[in-house]
Amino acid sequence: MKVKVFRKEHFNAAHRLYNSNWDAEKNKTIFGKCNNPNYHGHNYDLTVEVEGEIDQETGYVIDIKILSDIVKEQVTDRFDHKNLNLDVPEFKDLNPTAENIAVVIWNLIREKLDSKFTLTIRLYETERNFVEYSGY
Amino acid sequence: MKVKVFRKEHFNAAHRLYNSNWDAEKNKTIFGKCNNPNYHGHNYDLTVEVEGEIDQETGYVIDIKILSDIVKEQVTDRFDHKNLNLDVPEFKDLNPTAENIAVVIWNLIREKLDSKFTLTIRLYETERNFVEYSGY
Amino acid sequence: MKVKVFRKEHFNAAHRLYNSNWDAEKNKTIFGKCNNPNYHGHNYDLTVEVEGEIDQETGYVIDIKILSDIVKEQVTDRFDHKNLNLDVPEFKDLNPTAENIAVVIWNLIREKLDSKFTLTIRLYETERNFVEYSGY
Amino acid sequence: MKVKVFRKEHFNAAHRLYNSNWDAEKNKTIFGKCNNPNYHGHNYDLTVEVEGEIDQETGYVIDIKILSDIVKEQVTDRFDHKNLNLDVPEFKDLNPTAENIAVVIWNLIREKLDSKFTLTIRLYETERNFVEYSGY
Amino acid sequence: MKVKVFRKEHFNAAHRLYNSNWDAEKNKTIFGKCNNPNYHGHNYDLTVEVEGEIDQETGYVIDIKILSDIVKEQVTDRFDHKNLNLDVPEFKDLNPTAENIAVVIWNLIREKLDSKFTLTIRLYETERNFVEYSGY
Amino acid sequence: MKVKVFRKEHFNAAHRLYNSNWDAEKNKTIFGKCNNPNYHGHNYDLTVEVEGEIDQETGYVIDIKILSDIVKEQVTDRFDHKNLNLDVPEFKDLNPTAENIAVVIWNLIREKLDSKFTLTIRLYETERNFVEYSGY
């Protein structure tokens, strides 16, 4: 009897899209206004989905406080009010597209989440553009 | 050619989290402010997802009126403006966590829904905390 | 050059509508299902609106952290995960309709808010029912 | 390492539900107010979900501009501010229920979308009624 | 001690923008795709705002049930799942722009609403386009 | 017979809060994480409110296309996917708080908007923090 539990968090960050193997012109062509050298930014909404069995004593799949603390420690404290390209080591050599940010967040949460749970990440860059990653 | 049909409903209810096998102190430790003996409450949003074949005559998987009537009879009329712990028999001995409420709702709707349809329930306790159950 | 600043907060609470001068039957007739003796509940969304001049040094009308701390101390810490009728002294003899809750919240915030600011409270009981109070 | 990418678009259209094999009375009985001969309408919200591998050079599964252009050409330009029954050839002999509209949209996008991607369509007729189709 | 009470309702309708004093070409030039002779449609969201004193016995400015019934009788029953141009007499000779619809709705509700209350109507044609009218 | 017309637009931008008359420490103390030298960012939602008489021929207060074009030319084209501190001349010596951004936007739109209309700007920095400015 498996139930999925979802927790929604958010962080505000600056970023730019950029591939260091390309010259400025190609970066501009491929990434358009997202390539602005001075950065732009987003209110990122993050939904963390954890699937597991209901614990018969608590009635919880996972205490949402534990899940929320993992997200805070691994993601929000490190990404919120930051420049993803400059302040977050994972993006030193990785282009911070929504897709790549989702994979990085999935890995960061997976490290701390009990292996009995499955994990899916949904990341909203805007209300109209979002991505989802389940680890495979 | 299967299509999923979703119907969103809502109900407002009081509840508290509580395990009758534990003493007051342990209940307080585990459930925190959700354990308040005087109850608190939520606007629950409920999304009912039904998957099936499109009927070639109507163009419907299911007449949404039929689905909505099932939800009204089985869930809304019994849960809305109620105290889940005191007024809803299913929670007499079952802790009304979002997870357990979702399972109870799934069972209540499943009873009345044609067996040719699959059923998934998503229950929002708040915009930031929600759960999903598909019956297995 | 006056600007309005808005901060949105929320709290989850149980309540029932009830007039102690009326008998049970009249309470039931007037307040319907909102009169359930075992309470029901809501996710209350609260928008606090403060109008004032922009401070030339900070660029703020008010540091949102200060406003948020007032709301936390005066409202959220006292209302969240509570039973408004039983746990919040202001409603001992006052019916906790959305209208009355808004007036109580306005008074509680007004006490701590610098008198140079005007104050308006908007309180959402549900997405479809909400009220607004400006203190006069 | 597959990631799902979602793009949300919208269009406003008139329609009526109607089965040409039935007489007026039966149409009225089955489709109720949705059968109004003079039509009614909706703000349709459309979420297009594309799953694929992250391209190592761009960090994209698909350039959202390419996806958005396909939706514009195949769906929005043809459906927006139109009468689905009268102006969109696909519904000449097909009842424009949410289910059938979703299947039509899926087919229209599938034609232009690289076959390496999987495709799912979610169509909101209202906030409370929506459907999803994945092509099988 | 005046409080504003808001009630949100909705209706789905078809319409087209059209001025009968102009020829087809001028209508097309001015109203663009909103002039489609076959109509298009919207999910209209309507917020009705009523301001008045709190009744000391009920704690209500107005029983929301009374307000909701007025909106149902005067607006929803007459506009929902209708073609505004063809089915609603008020628009026989009046162009159903959001502005004009709001004025018509204000007049319809004002007829039935106790004169001790002030009335404001907000009408959302889409999430991005909306209007407000207060009767003067 | 005056009606308010609202148009919602959005832009994504990076910024930091900073007062050039203060040293780094004081900036850090007052502006906290919003002072990050590498910037952070937001999805800004902008609602432009214009009040005026309904034109009897068109049924419009203002053609929303004209209003939208003004916002695009004056605001979106200049702010979207930009760094407010570095790329937008108005903030060269002005701290880009939500309050100051709203005043700048109001002035930019006012320049191009017919003087017969009143103008109010609402700017959402996040869903929970927003400001409003009416020009006085």
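Going by the order they are written in, the chains are A, B, C, D, E and F; count residues from 1 in each one.
To be clear about the criterion, a residue touches a chain if its C-beta (ideal position, glycine included) is under 8 Å from a C-beta of that chain, and two chains touch if they have at least 3 such contacts.
Being a predicted model, the structure only gives us computed values, none of them experimental.
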| item | value |
| --- | --- |
| Third chains touching both subunit C and subunit B | none |
| Steps in the shortest chain-to-chain touch route ending at subunit D and beginning at subunit B | 1 |
| Copies subunit F and subunit C - interface residue numbers shared by over half, same or different | different |
| A-F against E-F, pair bridged by the larger set of C-beta contacts | A-F |
| Chain separated most widely from subunit F, comparing mean CA positions | B |
| Farthest-lying chain, centroid of Cα atoms versus that of subunit D | C |
| Computed distance of Cα centres, subunit E from subunit D, in Å | 28 |
| Whole-Å separation of chain centres (CA-atom averages), subunit B against subunit F | 42 |
| Interface hub residues of subunit D, defined as touching at least two other chains | 127 |
| Arrangement of touching chains [line / ring / star / complete / other] | other |
| Those chain pairs that satisfy the touch definition | A-B, A-D, A-F, B-C, B-D, C-E, C-F, D-E, E-F |
| Interfacial residue positions of subunit B with respect to subunit C in the complex | 10, 12-15, 33-34, 36, 38-43, 80-83, 86-87, 126-127 |
| Contact footprint of subunit F on subunit E as seen in their complex | 17, 19, 21, 30-32, 94-100, 102-103, 127-133, 136 |
| Touching residues (chain side subunit A, partner subunit B) in the complex | 1-9, 54, 57-61, 63-65 |
